[in-house]
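Each of the next two complexes has chain A plus one more chain, namely chain B in the first and chain C in the second.
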Partner chain A sequence: MNGTGRPGDNQLGESTGDVRVGVYVCHCGGNISDVVDVKALAGLMAEYPHVAVAKEYPFMCSDPGQEIILEDIRANRVNRVVVASCSPTLHETTFRRALQRGGLNPYLYEHVNIREQVSWVHKDDHAAATRKALALVRAGVEKATRLDPLEALRVKAERRVAVIGGGPAGMSAALALAGAGLPVDLFEKGPALGGRLLEMGRVFPTGEEATALARRLAEDVAAQGSIRVHLGGEITRVDGYVGNFEVRVEEGGSQARVKAGALVLATGFDHYLPGAGEFGSGDAARVATLPEFQKALGSLPAGKVLRWRGREIRHLAFLHCVGSRQAEGLNPPQADGKVNDYCSRVCCTAALHAASQVLDRFPGTQVYDCHKDIRTYGRGHEAYYEDAAKKGALFFRYAEDALPEYLPASGLLPARLKFRDVLTWMEEVEVPADLLVLATGVVPRAIKGLVESLKLPVGADRFLQEAHPKLRPVEVANNGIFLAGTCQAPMTLDEACAAAGAAAAKAAQLLSQAEISLDPFVVELKAERCTGCGKCLEECSYSGALKLVDRPLAGLGATPPGPEGLSAAVIAVNEALCKGCGACVAVCEPRALELAGWHLDQFEAMAGAIAAS
Partner chain B sequence: MSILVDANLIREIRSYGAFDISACFQCGNCSAVCPLSAGEASFPRKMIRLGQLGMEDELLSRQEMWLCYNCGECTSTCPRQAGPGEYMAALRRWAVGRFESTGLSAWMFRSPVAALAGTLGLALVLAGLLLTARPRHDFPDWIFKLVPYDAIHLVGMVLGGVLALGLGASVLRFVLRALKARPGLLKKGWKEHRAAALALHHELWTMRRQRPEAGQGSWNSPWAVHLAVLFGFFGLLAATTSDFLFIFLLGTKIYWPARVLGTVSGLALMAGVSAAILRRWRGADAGVRHSHLSDWWLLAFLWVLGFTGFWLEAAVTFRWTAPLHSWVLLLHTVMAMELVLLAGSTKLAHAFYRPLSLYFHFLSGGESPSRPCA
Partner chain C sequence: MANATLSYDVLVVGAGIAGLQASLDLADQGRKVLLVEKQPSIGGRMINLSKVFPTLDCASCITTPRMASVAHHPNIDTRTFAELKGLRREDGRFRATLRQKARFVDGARCIGCRSCEEACPVLVPDEYEHGLGARKAIRIPFTNAIPQLALLDMDHCTLCGLCARACPTDCIDFLQKDADTEVEAGAVILATGHELTRMDAKPHYGGARLPNVLSPMQAERLLAPHGAYGRVLRPSDGRIPDSIAYVQCAGSRDRSLGVPYCSRVCCMFAAKQAMLLSGSLPTADITIYYMDIRAFGKGYEQFVANARAMGIHFVKAKVARVTEDADHNPVVRLERQEDRGLPEEVTHDLVVLSLGMLPGADPVLEDFAGVRAAPDGFLESPQAPLAPARTSQPGVFAAGTATGPKDIVDSITEAGSAAMEAVGFLRRLGEGRP
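The block that comes next holds the complex of A and B.
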């Protein structure tokens, strides 16, 4: 446990022998004090063993509130602090920093939540609420008296980033990282950089050729000496941990290993493929997916009427939300038994962009647009909607309680799409469709190997999931891994590039110092107690955090005596991979494993205090 | 039975002056703000949708387009500047064209060049007829030296017959379509017809559905202007008809009743038409901000007719005998005849379709609006 603090370190008055706890009860401006008798609480706590001072104050988190704590550390030699206030999510860090400013180890702090857990949920019984608060604060003090000073973990980091995926997001991330002075390894399994850009026609909102954009990015990448591009290789395994990842790639028959301090995942998306017969798909001359149509549209010669696979298309219908916003019981389930209930976000604008191009170039082709809603949410996207409408496209909004039905051509009638139209007061309408274009959605790419070897979190929609949708939008919970683009969710090109930039910035920030500091709440091993039973290995969800290693038998007290010179297996902890979940602690019978900052004797003392109240 | 969408109709209606209608995205703001849209008679949104889907029969059998008084509130509220008010006007022109048999109307509504050429061509034909007809009996007045009175009389009678036939056929088509779509109207009893007739009578002579609330209107509100034109027009029609039929009984003295009626009505017409021209010229409100050639055509005809009417009155009264005044009579006569002849093919056709539509609307239980047009 290099670097992890031990009890009895040379900290100002922090030896367990002379514990002086300061207890601070916050009113939270009435949020707590209107229900809990804060004065009585502080009064009672002042009498509690090891408590040097107990005070109450309207807002402990305010500067004067924090100043009270600092003053008590100075004048009253307080060396453990308990604040009874709001949720630790809100202000635990605030008070830890206050301790640090006062010269104390910031982990000699215990936060007790008497707002969410007491005053807000027991409004009607003030006396009982005060009793509960008292029990919780006592438990907090019991834990505080047993706290050890801890130090943040530090791991050495490889100054190199591996970017997986050579599409627009991957290339953007690689360029941003190279620009920040970091060497980059960019892995693309295809034969050329560009990804999905290589198969698109013109892209909104600029109308540029996608292949030209891809070329531009690839040229920029090639011009960067610090980006090593790996083309056509298959990644066989990725493992390691923050600062020390290893990517194994098979390139032209030989294995290569690349070490990297951080990973940027830009593995992209797949197009939804309609099932056999879904809205008439299968008849390639009459039904196309939007990506197919988009790709072909650019090379079709302009004329009076659009021609598709040798046929004149006088009526061109677009159908939105194919493979997206599916409803259970209505759409057939996907391979995993679920439906794609999310919005793919890009198809509305892409379909209208295509419609607008058709209207410009083929004035004799009537365009019909059948949608659930139009979701042209991005800057400049609405213009395509308005433009297509003004050029004469007709819009329909199909009722959501039934799927539109594709009717093949019969007799004099062209092929049609039949549904009830919300805009026509729920009348059933049939839209002629010489060609039906299905605006297919975005689905997660199959990256099972990567997900399993890195234990990546996956959301209900099967896309990779960020640690927090608002506050940590491009990080996953696993340290050192960042998400760039559509591996995370459906995105437009500009959003994917923005996400790539954010992921690159996060990775660069992480590797800005030679060492990375991590939370100290990881598992501690008392090696002399370990029997090498291996039960903890089965429980651990974080690959590589625990492993069995051989140790010479001599000196291992707990294991049964064996023949001289032999070794026995014991557990070793990789602190950088441990997430401090405690699952291993629960199954360790000899109590060889403990969680720093959450020792079992601390829990026992807390439980005892609550039981005694 | 589902509706097979036909996109040609909306393109056709667009060519009648609804040039921005493709921008409509069916939000329904227009129907929400329309003071006259209520219950079953819901417009303009539904009418736009019927057009977008190509439901020609449905549109032609409905009365909504004729219930609209073109106040322009929908157009000023439209979030997409699709001009729903213009659409309603275009729909009326399109319907006039569809009910008319010759195709002349559709041709003139859709092309300004055609409208001008048609008007001018017809005027030349009429002038030719009037100038060459030499009947046996002639009125011995100097003013009829160029265009004989009997020629006017004869040509007028013939034109009246042509008009009656043509217009009759159009109106019959309109009525049959309405009745086919609403067979319930045929089963209405005498009492219901009486109530509908009373409501129509009340509406026609007061235009209360368009009347501003007390204290809200002005001398040139659309309601006041239209009412002045309406009374002026009918007064002149009555005066002219009696002049036409009973000339030998009444003579041409200025104080004779038909002449007095004509003078008063002419003043009302001139005032109303002048105000209407002024409003359109200024684009006073959303209802007149966009003008179709057919709007100007009707106003121009009415104004010139009124003006030349007073000119002739003065000429007769003060015995101006210069040849110029005979030419003015020719102009006046030709334009009056043309107006009557084209009554079923121009904007004037609303004078036939609107009252009938209102009648059907009242007969089917249509409520009067709770609030008037602004």
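The block that comes next holds the complex of A and C.
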């Protein structure tokens, strides 16, 4: 790698010193061009030093758009490319790949964001937006002229996947990976595979026994010679990086270490536990959560009336959205001070599935359903809603501006649920409830240790956060770590199994080659400048990325030459662990550290261009 | 050439977002894929949308890079404007007949310069704009279409010959015929997608009859910055609408249409379009008449909360019918369930019917190797809930809305799972135990 960012150091311009920048301004359909004068912008940039061509086009990311760049590389000897379009998160790699197809080093590319940073935020002042876009594109060109060709880092990858969590998603992911020929280590902290399936009754929409499904998956896993199952072990630590993770697990008193090239997280969910007294919870004879009720329902003998803990249940009420769709100021906050404002996706169908079973088997029990919206969205789900309605369940829609109130039994009065009902024009209603079933939501499983050791991104809803819901739906920002199932969001069983397949697909793609290539934006060391002061170590948040090593003193520039045989501490960089954040560069006084692709002189030139605009 | 049958690991049918993703997930694992699309461009329905929920990313920005990756992938061959005409199992592999429909343009010579399109004097309603704009009889289907090949619509062509004279590569062939070819594959993924309820399916909603009652796809094109009008106008008189209403479940959860199921995406696309409309027309009044708001996906509930906070009116009401007044203003007759529940009539400037999703292909009619449909018309997935991508035939897998209504996120994840099913099947095939 080249330490100095002089213009003219790239493979095409090297002999001639001739930097020829191509500037491409994207309309983004109109997202940009409705605000920024793209024609004027391209026109002005065409006059800028080192710019060989400047063009605008409706969608630069489309195939014809990319073709314009390739044609200019061929015909106009363009050897640096600047695209002014959306956020680099979306399309930086798209354009780097295009450069590569055109025979140019993919890192001779600079992406300028004039959508999120310009057109979307300055809708009301087109002239000022165009001026700002111009300043940013000029800065991009200044940087582009100082870019060096870089080589992607190559990391050897362990051809094995560690799947954490032995529920349906974890088992499905393991099976898919084994099916593709990859060895798998499957970790389940419980004594058996199956996860939440082991504690469920019948599943919707097929009505199959959850335990039978768990058994079927576990048998398939056992039949795969390439899946090693670790049961009952506690994962004590996971570290490493893409291609080279290490999972440490304590199994029966001994520590095992498993190396894996990729991680699939299938850590699952917890049921929401109502707070003390929340809608009467705590009164175990009269109030149950839906998971408790579902689990028991299968073994209750059929009869005229449902019996629960020795009592006849003539009036059975379901209350939806317990622990989900909470509103600030209305619901008490959770432990972290926030409310669960998301929908838990599965509880409406689960509640109506249970209601429909009750109505089938206990015709003398009247069912009441108190909801905000009925969300039986999935294939076959609506049938439970229709069925329950047809068999006489009564539906109420409680007003969202107040919480329903649980009134305990007193004297001759049974326990009741009190709320205002939207469907009877805000009438105040009291529904008798010999048993109240709380349709509790889904919350993420507490996996603090994993989150901290792998620095996993967590969303505002506390579930693990994917990199992008459509571009990278089962990947987190950390390379080599994939999400399977409800660790990411509430899901039904089939959705969790599909997500597991998608996570397996990503892991299989990653490990389909012996080496993984990574972006080369890591710290470069000029060893001769390093004084071994160690300040960078304090700033680095990626353990192992930087460390002090001994080097023979002879030849080190910054310290006085010492006698033969003596050594001094200098920094060494582990490129695979470095995330290129640059925190170390900022504290390095002798400027021994620079970030490849983000040199300080490049920043200076960019700042200069913006100041001059 | 004549006898050689092209052979692939996997045949993917349908190049919408699910088919594109399944193809990439296979090809990136070294599998050879043939991707067949009956439309003239890959990209499916998603490339036709303005922006997508819940991130409000522009749909093109998410779709075009995948389209380009597929087009340039060394392991993927693509056939557009080609239909699967029968799929059979022979000696443990699949044999498919593909009908390449005539473009009346020599694909090998067309350079996509659009000279023919400029020369063509015939204007017809543009399918890509859902009838809101016009196109020529010969044209590139849309700006970011892949491939960038001209396509001649023989039903409207007057054979004037102007296009042939304008073409610099002499690639227009008025005599081109449909051509059938045979291909072979080890496994098949059906990503045949969905259709929308016909606009006239429920005549009392006025769809296809009243000019200011639109389909949601037309609304997408009104909102797309590069769409038909480039801004939001109503079709009857080009006026900027001040009051816009959405009729939810106009094609779903409706036994009278034979569609008892929920179409899963309509609540969210209505909320999204309402937010975009409110962005383009800040003073407009926007109302969504709904039965239940089903914002069940990740970040969806918060998205709808934002829509409410922007001032979009969510009104729980069932719409009975839509008529119009003398100025073509749609008049919505409804029963408001939150008020006294009396029928009333509300006049709006524009009404959008939130149509539902219907199956895109009939596997029996189209002879897909014995694959069955479920009673709802979508492909049967007999091994859901554990293996939702499996169909009733081993070796044939399904992705996306082929197995029922689904949003983009769910279609993409399911495509990954279908790809892994195909990979597993191919390996077992290779080891002699299919």
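Methods note: the second predicted complex is superposed on the first by the 448 of 613 C-alpha atoms of A that agree within 3 Å, B and C clash if a C-alpha of one lies under 4 Å from a C-alpha of the other, contacts with A are read in each partner's own complex, and residues count from 1 in each chain.
Note that contacts are C-beta pairs under 8 Å (C-beta built on N, C-alpha and C of every residue); 3 or more make two chains touch, one makes a residue touch a chain.
It should be emphasised that the depicted structure is a prediction, and the values quoted were computed from it without experimental measurement.
Asks: I'd like to know which partner A:105 touches here: chain B for first, chain C for second, both or neither.
Replies: Touch partners of A:105: none, neither chain B nor chain C.
Asks: In the superposed arrangement, which partner chain does A:386 touch: chain B (first), chain C (second), both, or neither?
Replies: After superposing on A, A:386 lies in contact with both chain B and chain C.
Asks: May I ask you to decide whether A:430 touches chain B, chain C, both, or neither, giving the answer as first, second, both or neither?
Replies: The first partner, chain B, only.
Asks: Going by the contact rule set out at the top, does A:90 touch chain B (first), chain C (second), both, or neither?
Replies: second
Asks: Looking at the overlay, what does A:440 touch: chain B (first), chain C (second), both, or neither?
Replies: neither
Asks: Once chain A of both complexes is superposed, is A:531 in touch with chain B (first), chain C (second), both, or neither?
Replies: In the superposition, A:531 touches no partner, neither chain B nor chain C.
Asks: Who does A:395 touch here: chain B (first), chain C (second), both, or neither?
Replies: First partner only.
Asks: Tell me which partner touches more residues of chain A in the superposed arrangement, chain B or chain C.
Replies: Partner touching more chain A residues in the overlay: C.
Asks: For A:497, using the defined touch cut-off, is the partner it touches chain B, chain C, both, or neither? Pick first, second, both or neither.
Replies: Touch partner of A:497: chain C, not chain B.
Asks: Same chain A residues contacting chain B and chain C, which ones?
Replies: Shared contact residues on chain A (touching chain B in one complex, chain C in the other): 386, 397, 423, 425.
Asks: Where on chain A does chain B make contact in their complex?
Replies: Residues in contact with chain B: 366, 368, 385-386, 389-397, 413, 416, 418, 423-425, 427-432.
Asks: Using the touch definition from the top, list the residues of chain C that touch chain A in their complex.
Replies: By the definition above, chain C touches chain A via 25, 28-30, 52, 54-55, 57-58, 60-62, 64-65, 67-69, 71-72, 112, 143-144, 146-148, 224-226, 230, 253, 260-262, 264, 292-302, 305, 316, 337-341, 376, 378, 384-389, 403-405, 408-410, 412-421, 423-424, 427-428.
Asks: Can you check the complex and tell me which residues of chain B touch chain A?
Replies: 2-5, 7, 10-11, 20, 22-26, 46, 49, 52-53, 80
Asks: Per the contact definition, I'd like the list of chain A residues that touch chain C in the complex.
Replies: Touch residues, chain A against chain C: 27-31, 33-34, 58-59, 61-66, 86, 90-91, 94, 97, 101, 168, 172, 175-176, 179-181, 203, 205-206, 208, 213, 216-217, 325, 341-343, 345, 373-379, 381-383, 386, 397, 422-423, 425-426, 461, 463, 468-471, 473-474, 488-489, 492-495, 497-506, 508-509, 512.
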